[in-house]
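In the part that follows, the structures are each spelled out as structure tokens.
Each of the next two complexes has subunit A plus one other chain: subunit B in the first, subunit C in the second.
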Partner chain A sequence: MQIQELVLHKAEEYLASGKVDRVLAWKKGETFYDNSPAIFTKDNLNGFVYNEFCAPNLSKYLVNESKKEGKILVFLKPCDTYSFNQLVSEHRIDREKIVVIGLECQGMLDEKKIYNLGFKRIEKVEDGLDNIIITADGQQVQIKREELLSVKCVDCKSKEFAVADETIVVNEMKQPDKNSRFSVVSELEKMTEEERFKFWQNELSKCIRCNACRNVCPACTCTHCVFDNNKSGIAGKANSDSFEEKLYHIIRAYHVAGRCTDCGECSRVCPESIPLHLINRKFIKDINDNYGEFQAGKTVSEHNPLVDYTKGDCEPKEMVGK
Partner chain B sequence: MQEITENKEFKPLIVAFCCNWCSYAGADLAGSSRLSYPANVKIIRVPCSCRVNPIFILKAFQRGADGVILCGCHPGDCHYSEGNYRTRRRMSLLFSMLNYLGIEKERTRVEWVSAAEGAKFSAVMNDFVKTITALGENKKLEDLRCKSKN
Partner chain C sequence: MYKIKLSDLDKLYKAISEDYPLYLPIKKAGEVNYGLYGEDEEVSLTTLKTVKSPKDAFFPQSEDLVNFKVDGNKIEVIDVRKEEQPFVVMGVRACDFKAFDVLDRVFLVDPLDTFYQNKRNAAIVVTNACTEPEDSCFCKVFGIDASDPSGDITTFIIGENLFWRANTEKGNALTEKVKGLFTETDDKIVAEEQKAIREKINSLPNVNLDLTPFKDEMLDIFNSEKWGKLSEACLGCGACTFVCPTCQCFDIRELTKNDGTVSRFRCWDSCMYSDFTKTAGGQPRTTQMQRYRQRFMHKLVYYPENNEGVYSCVGCGRCVKSCPMHLNIVKVIKAFDKGGKDE
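So, the complex of A and B:
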């Protein structure tokens, strides 16, 4: 619980000194896992929380928050800082109004994986760094952290802060293995076209078009979205129709190609557990392999591989199916 | 009954997006040089190949196209200096994604055809129609709502 106290203390300190007017952080929900983003003020810090269930990326909320008056303090985990930088590059948020505090993250947990262990009544979940201590059904069990990691944390891209005015790190964060990130994409690439089609048909046909992946995405910040136009002919979903969901997911991923920081929020919020990050990651892999290594949000820059070109770029037929 | 289905030869529907300055003029030249290309190629004239949005390609498939080909000026010859360089990156990524989702890679193509290459235009179209005829109907990206009832 040490980190939570440090974080809360930092928020109180900034609010008391008047350096900031509001704090954007996580608020405790009804159950042990549903911590959600919330705005805190000097008079109201009830329910403030930071633990292993604070997966939501707060960067996107700054788009609206930084339009309001006053300064704001935001807590960002290492991967969230990339989204923050990307939004600053796109002039979507006002950097001057924001104080960024980087927070230690050992990987967030997925409550579905805990429930899948088969407990009837879960009383308490505690963070013991490498192990997670679960008190349930009158007994205490220790489970390895890796087994319970959220889908967005399984292939962590980096534990380095891309931007931070201050950081709160108690325990050292282990740098993830960079090569493992694209292993699933590579496996899919090795399959035949038919196998891949079956795989994606199976996954994408689960889509209920709730638009959660779009709404949570820190790169999707258009005020008018193509999918909200009911004259476009692609707004609803027809029964037994394989086209609709493919078009939606291709265009959703294509619109953020080159800007997607691979934060994995889309897969985390998907109620049908579709591995949407694999679509985004394919674009990232193609960009890396063909147009040079690129990580969106690493720095504040205008560079974006999709609005850029070189005279020696490969031809489409050289790239497709490689 | 069997006889009827056997006689009904599969004629693919091809959508060709052609840039106004090079490829469309190339198609014109093919016509005035009396070079033939299949009638099932439907040409859509665009100001530049980079005018083609990824949604255009997907919508063409939705509305029943069996293959989509995008023609533009040769890299370096764009009327707007750099449009086709952008097309090249965009379409590489889009076609790569379509293939990743399991769509046959032969169904989509980008070709550079200049205004002087009427013969190339006709050869490219003949070859593309042949490829798509061999591949068969587009089943993977079809939209049942857009199917004509015949």
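So, the complex of A and C:
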């Protein structure tokens, strides 16, 4: 049986038995790629979908959903489960109300990369695991999956579920190469300060301050963000000041440091394709280097290395200039 | 009608930029947006959709309105408006050009927005026909012909050439200045290409969207239960509004600079934001459903009601491409289609 059917059956089974009242999953869009997160109930499972175009991380929706009456079933891909745990750690979602079903993920696809291949009319996109079969302009072509991966799935951090009450896995998920995750960050580190500044200036000057990166971020769950708070003194919607742009992204990166699970949603949603996840990933690499390997959301824990103290902690002054 | 080889376009850009600041689609760090031409910039005239629309040319995302200097009891008011020098915006697509008309109906009526008006009057607009429209395009729904945009000058990129047709006095004046780079030609090739473009457009998936349901009783649309499901996944970010060529809402704020000057500026606002139109009295729209509904009611119901039936959507499809959760106006229009599924 195909994974889509298994997932739908699981949703139907839980709803029919009354174990949950609602299901948080994805709904089919108008074309091959535009699936959206959606809430389903027993009476309405129309458009339910799970395929290679279900990139949105559903964890953050649980902040609001778990405040409502009743139980909810959520489908989480391996990387989404880390965000879930992190939100439980921060007491942002009510674990008791939620059933987590972990789903197989072979890496989600980026429709832009498919369109960039030059097709005019795309009729069908099928998942053939290692290859993606595209029917377009009256012909069928196979493209390697890795060439079409969403930016968040390139350098996947893990195919292990950090939490799951049940899992649905049909095909084996290959553990990603651990070394590749930080390869781009290492390249940035090798640049001179001037080169690196230029790189980020070039990227961040594209920012249109739409706040998509912040609003999608599962680590950004403040009920009133400092950038929206007129009393904070730094509230602002303007993108005029390049300094403000840089301040915005760097404050955000610092605020989520130690809590960012590296889900990559920030980079996936950026309309200007700014590789924001690299800023967060640099912090993750530094935490690993200085405090020992740490993965936010791997377990439900109250302390990440930045808010914990051990006698073996590195000395900040030794870090300066390192 | 004139033509110039695509390989000679650099000469054309250079020639125009000697007399005018030239804004056109420029590729930077992988994405194409309108920017000021410079010899080191990578121009990308063939890009169909820039991420942001060219509306910045007349209505910049952030713009100083007036400055103040406060000294004790004295307040000095500094008018920051300056005489706008003529400038050229090149590569404007038919949908984006139509969007200028949508903005004009807001900014060029009483009370006149002089900031907008000055830039609008100073601009020479060079449009570019869409030889390769995409699946996400639906300008035809709003009566726009992407094969024949107007503007002061219209260009067509066909094969190895760019064809150039002046439409107005301003267009003729600019043409005179750069004519030396062109060769004269008839419009036969262009007419053939236009026919081909119209055929391509007719085969796009969203060109037959039905807008008649939005002419129904306003309150019935407003109170429809459909808005709940439609807005369910909305993150409340401003991506759709900031890439939109017709969104015109702005906020006015003040910033005290280091030298004590107070700058009163305006910047784009988004009806998706939680503090949009927040006043001392509170928030007119407290839920994301209400905010989401507002955006589409404005585009498809309120604006046409106030503007002889002109919609404030031009079918550029930018929101279709940029929404993080793939919500967009096409889905809204389809949801209200009476032939469509009811959910």
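As a working rule, the second predicted complex is superposed on the first by the 297 of 322 C-alpha atoms of A that agree within 3 Å, B and C clash if a C-alpha of one lies under 4 Å from a C-alpha of the other, contacts with A are read in each partner's own complex, and residues count from 1 in each chain.
The rule is simple: contacts are C-beta pairs under 8 Å (C-beta built on N, C-alpha and C of every residue); 3 or more make two chains touch, one makes a residue touch a chain.
Note that the structure is predicted; figures quoted are calculated from it, not measured.
K.L.:
Please indicate which partner A:K198 is in contact with in the superposed arrangement: first for subunit B, second for subunit C, both, or neither.
P.N.:
In the superposed model, A:K198 contacts subunit B only, not subunit C.
K.L.:
Figure out whether A:R268 sits in contact with subunit B (first) or subunit C (second), or with both, or with neither.
P.N.:
Second partner only, subunit C.
K.L.:
Tell me the contact category for A:P305 with respect to subunit B and subunit C: first, second, both or neither.
P.N.:
first
K.L.:
Now for A:N44: first (subunit B), second (subunit C), both, or neither, which partner does it touch?
P.N.:
second
K.L.:
Please identify the positions on subunit A that touch both subunit B and subunit C, taking each partner from its own complex.
P.N.:
In subunit A, positions 238, 240-241 sit in both the subunit B and subunit C interfaces.
K.L.:
Flag every residue of subunit C that touches subunit A in the complex, lowest number first.
P.N.:
The touching residues are 28-31, 33, 51-52, 60-63, 132, 134-135, 203, 205-206, 229, 232-233, 235-239, 241-243, 251, 253, 265, 267-270, 273-275, 320-322, 324-328, 330-331, 334, 341, 343.
K.L.:
Quick one: which bits of subunit A touch subunit B in the complex? Just the residue numbers, please.
P.N.:
Residues in contact with subunit B: 188-189, 193-201, 226, 238, 240-244, 246-247, 250-251, 253-254, 257, 279, 282-283, 286-287, 290-291, 305-311, 313-317, 319-322.
K.L.:
Quick one: in the complex, what on subunit B touches subunit A?
P.N.:
Contact set of subunit B toward subunit A: 54-55, 58, 61-62, 75-76, 82, 85-86, 88-105, 108-110, 140-145.
K.L.:
Once bound in the complex, which stretches of subunit A touch subunit C?
P.N.:
29-31, 33-39, 44, 46, 56, 61, 112, 115, 120-122, 202-203, 205-206, 208-212, 214-216, 228, 230, 236-241, 265, 268-269, 271-274
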